[in-house]
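Next come two complexes, and both contain chain A; in the first it sits with chain B, in the second with chain C.
Right, the complex of A and B next:
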């Protein structure tokens, strides 16, 4: 006899589908098969004892192949880094867990060292048993100056780092990116202050020598308030923090810079970055090799790695809870809720709860991507690969002005847009449909931009007419870009046109 | 008949609950199926053994001081909040359907605060 149930759960409660189990097989740990499990990670059950080796195994997999200067493939040789270690922490969950695990794995305390000495094969003199890094520095970038009423957490972070006796602490501030003193400390050459006009997509440069009237904090706030959208603010801050950390790594002779992005936050930043035009450098979101080009004397390459990239937010939270780690936390930026970053975060965190395996798929898929087109140097703002033809592409895909008015007057100023990657250009110029009252002020640029511009060969010294006159007299050419209207375009190619 | 349940909040969630990390609540061992924690029990109402789902509603109604949406969403804890039942992931214990016992320890950890 056919079932009389209509299958509608509202009327027939038995018709509701049974809840899908969140774990495979039994409640026993899949590793030791003895203990009852305490945590489910993407459908696999682990007990507390097997949890730590699981995490340390994942960290080793993402870190150790990149420690030695020359990769050793699959053969396990002893690990020895060519420089020191810099660990960047934000006060968030991922970086707190990273600090704890790296300390346990590679910087044991005196007591633990002695215990290990007794167990070591080959004696302490054996190269295999040496410390991988001789020295480790923990760096924290305080961002509170960017916004009024934001709490300064530097001292809380200092207290946290003190609990790890092996680590030194170096605090930085976000406004250091606009501070000539900091630039000089990391080996940068003195340079004039550069500004751009953010209302024009070409981003014409102007230069002021020794503008001592505005402090680094004022310049930082000007920079952020001149950005066109709420989405741009966290992206710009991330970019500044990344470069501050990389230059600090170089100045501390570090060969490795470790960041605490976990699987969840990595997936969030990948999707968020791609949606803001960062697809060309999607691989670098997970890890990158950076060589200082414009500051300092040592050309030491810094490997920026994210050892927690296979460890989800849930696992980090459990580790922090079971080990009673003090997670200081970070304040959300004002207005961040409306940005792409926050929307992406809500989406991915929801995914992690309902379909946990999809979050790791995001990171793994992005790791397989490689851009088709080649790079042409690096972006002067973020120092990542600069793809060819950014401005031409933008001109083809967007309407840039609604009027057919006369082209803008010729200007001697160089345009920054030619030396920016797609993502940085979008951050500085992308307008939302809402009309935001933009300040008429110029947007100050971070201290490194001048040196990068000089290196790229562009005449950044745009108001120095004397230099240009000299060039003209010696028979040199001065190139400039300007927009022309249809009749002028036709005139330029008239000899090639067929008669109508 | 009632149960005593120990509650703990972590990851910043305590800020929503009078900044107290540890709480102790007493709830009846049989509760309304509709998770109503306010009106006194009527004999006609359908009952169920007290479970974590009821506990979440109880915390929202009686202990939560502000910003409900940061704790609950769609009748359950907001995504990003982890729950431990007696030091074990609640996914191993049946999540919200876990029937509470006297002196159980339930921990709510937020992974969204900063980080």
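Right, the complex of A and C next:
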């Protein structure tokens, strides 16, 4: 088509596409209807003043019904938690915003609380006016030891937490999950180091004497390097961090553990968990109740909540910007880019741009789900509900051997597979399509697995063998541990077999 | 490099890497594991009973071509005692179905199975070409999808069969799980991983390839030298489903078990009891007797819109209200024949293989 236009949009109005309005009705705040809006949240305009109550309202809705140990039904009573509060912080945007909001809402500084006291009804002694939690601890798990050349940010986080005078700071390290000293500190019983052979899907348990003197960092690194896919590494780290935080919650007498997952990151973790076979425990991605199973402790149930689960990434970013919060940030794990977690992140963030309501739809839909069948205890690795019949299902759906004998032959070593949930078993065994030489390294297990195994009813001797071994070891005797193959088994019983 | 030996039989040379497990195996072992997994799926869920009359929804594409072959093989190997039929739907898209219907006719000869081809034109009085000329290319998938589901059931009634099997594979099911979560379709999410669906007044329908990877179906067709047609519809760029499929393929590339892991997730959860209580009860369509969530089933709603020249009434609320404002449906409106479950005798002559 012939045109006399020079193509410069400034002079030629027809050359530009009409701009789509960013909001539906007007540019005034939908709440106060007076101020000009400062932020558009899914087509609704809010001003800066109305934004704060909007956010705190959403947090209250997701947090307060779960603060008191027992729900009060329709009757609204004062809030009183049965223990302290633990806030898990990663240095990312969500947890920085969470820290700030929780501090403003439930832990006012001394000056502010003095001002408040003057306005309180019933005086400070009235139960309604007591603090919801007596004490709050902020916990940060440093993951830098897992990978070479990663920056240790503990001191940055410590400085950040110091700006909130009411919070205590407890730094942890990812390798604590393999550290007997930490395990003893949180009340765990002394246990030997356990290992599994990741090259066999049954995951035979064993103990490697040479490695027993290795440091927690070495054990953490061999754990991560024995994982078969780039997907498995971030998933394993997430699981370790979650349990480190839960045990810390229990050891600080906390009834609540709060994490900073926002709506966007919750949707990502829901889809990512479903894509890794975690459907049975999808509800727990949003909220869970955890009772420690360490013998000798009075069990205090810890409620793990994500108060920002209705607040999107954009709202968090605005809050941090307007309040000049210092977001420390996190390093990306090397290789994680090709994993399911990172692919899901790219997909959901892209979807949020094109179809803005999808992210909340994902979270709402998953909130309506419940596990189909009853659980059979909990997984020895992640301590989430264990679905019955996982291994039978896997064997039926993908045949991996031609032998018809379904159960693996009983060997001296017990198999870990039956005590793992579908996700954890998949994390440890599912391979990438690229041919990769399998590492023959044994995979060390986190410190809590031993006590869980004893509890989960795995043949006692299989676990106790490891303990016995330790004792024998001190006497200088060397025990050899190996799997028995069928021909050797047949050799042992051949005189009792009839000719075919 | 020395040739690798099959990890399963440890005897023959491995010639393929199995997409589902990554194992390097020989051709015979591949056939064995593929067929046995389908057999496990069938026996585990007690899909068939001896003497069942089973219609295979056959499009001439890879899934249904391989399904027909595998079902015939397993029926003979394990004595299922099934009477198998082929049932094809002709949507009436010029040039699209011609080749694939030829494949189905060839399958009829090769597998010695009776075939019934049922057309939209015959059933609804509309071909997809005619529908597209009225509604345009944007929403025509709604019509085609709704009409096809009913057409299969109605074809099954005509054949007097007890059961329809379709070639939906593991990739399709995993994709549907993701789609239903993203769309918030809780009712479909609850049932999309079931191998078999049967209401009180519908024909049993199942998916024996529920755990079979799309890539393995292609591989099976390739090694068995089965020919099929790729059946991509000329009217169907469904953007949203396309997003989900691309995402699923990325996940599969990252970790091949992802497809089966998503299905496992889908099977492990269900709609919680509190939400179930708020869901709508199933009804039957007052006009054609087919199952429906409203007074009129979706197919009758769409057809009425087409007949009255207001096709959008089945798509948007605004258009539906507009049509309702114009008064009730005229007496002489063309409608779909009343739906009745099979009575024992085939209602139509079936093309027997010559």
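Operating definition for what follows: the second predicted complex is superposed on the first by the 421 of 500 C-alpha atoms of A that agree within 3 Å, B and C clash if a C-alpha of one lies under 4 Å from a C-alpha of the other, contacts with A are read in each partner's own complex, and residues count from 1 in each chain.
Just so it is clear, a residue touches a chain if its C-beta (ideal position, glycine included) is under 8 Å from a C-beta of that chain, and two chains touch if they have at least 3 such contacts.
A quick note: this is a predicted structure, and the numbers were derived from the prediction, not measured.
When both complexes are superposed on chain A, chain B and chain C end up sitting side by side without clashing.
In the superposed model, A:371 makes contact with chain C only, not with chain B. Ranking chain B and chain C by residues of chain A touched puts C first. Within the superposed three-chain model, A:231 lies in touch with chain C and out of touch with chain B [touch as defined at top]. Nearest C-alpha atoms belonging to chain B and chain C sit 16 Å apart in the superposition, given in whole angstrom. Only residues 8-9, 17, 19-23, 29, 32-33, 36-37, 40-41, 44, 177-178, 180-186, 189, 211, 240, 243, 247, 250-251, 253-258, 260-262, 264-273, 275 of chain C touch chain A when the two sit together in their complex.
Partner chain A is touched in their complex by these residues of chain B: 10-12, 79-80, 82, 84, 87-89, 91-92, 95, 97, 107, 109, 111-115. Across the interface of their complex, chain B is touched by residues 19, 22-23, 27, 36-40, 45, 90-94, 265, 313-314, 316-318, 321, 327-332, 346, 349-350, 352-354 of chain A.
Contacts from chain A toward chain C in the complex involve residues 229-231, 270-271, 273-280, 282, 338-340, 343-344, 347, 351, 355, 358, 361-362, 364-366, 368-373, 387, 393, 396-402, 422, 426, 430-433, 435.
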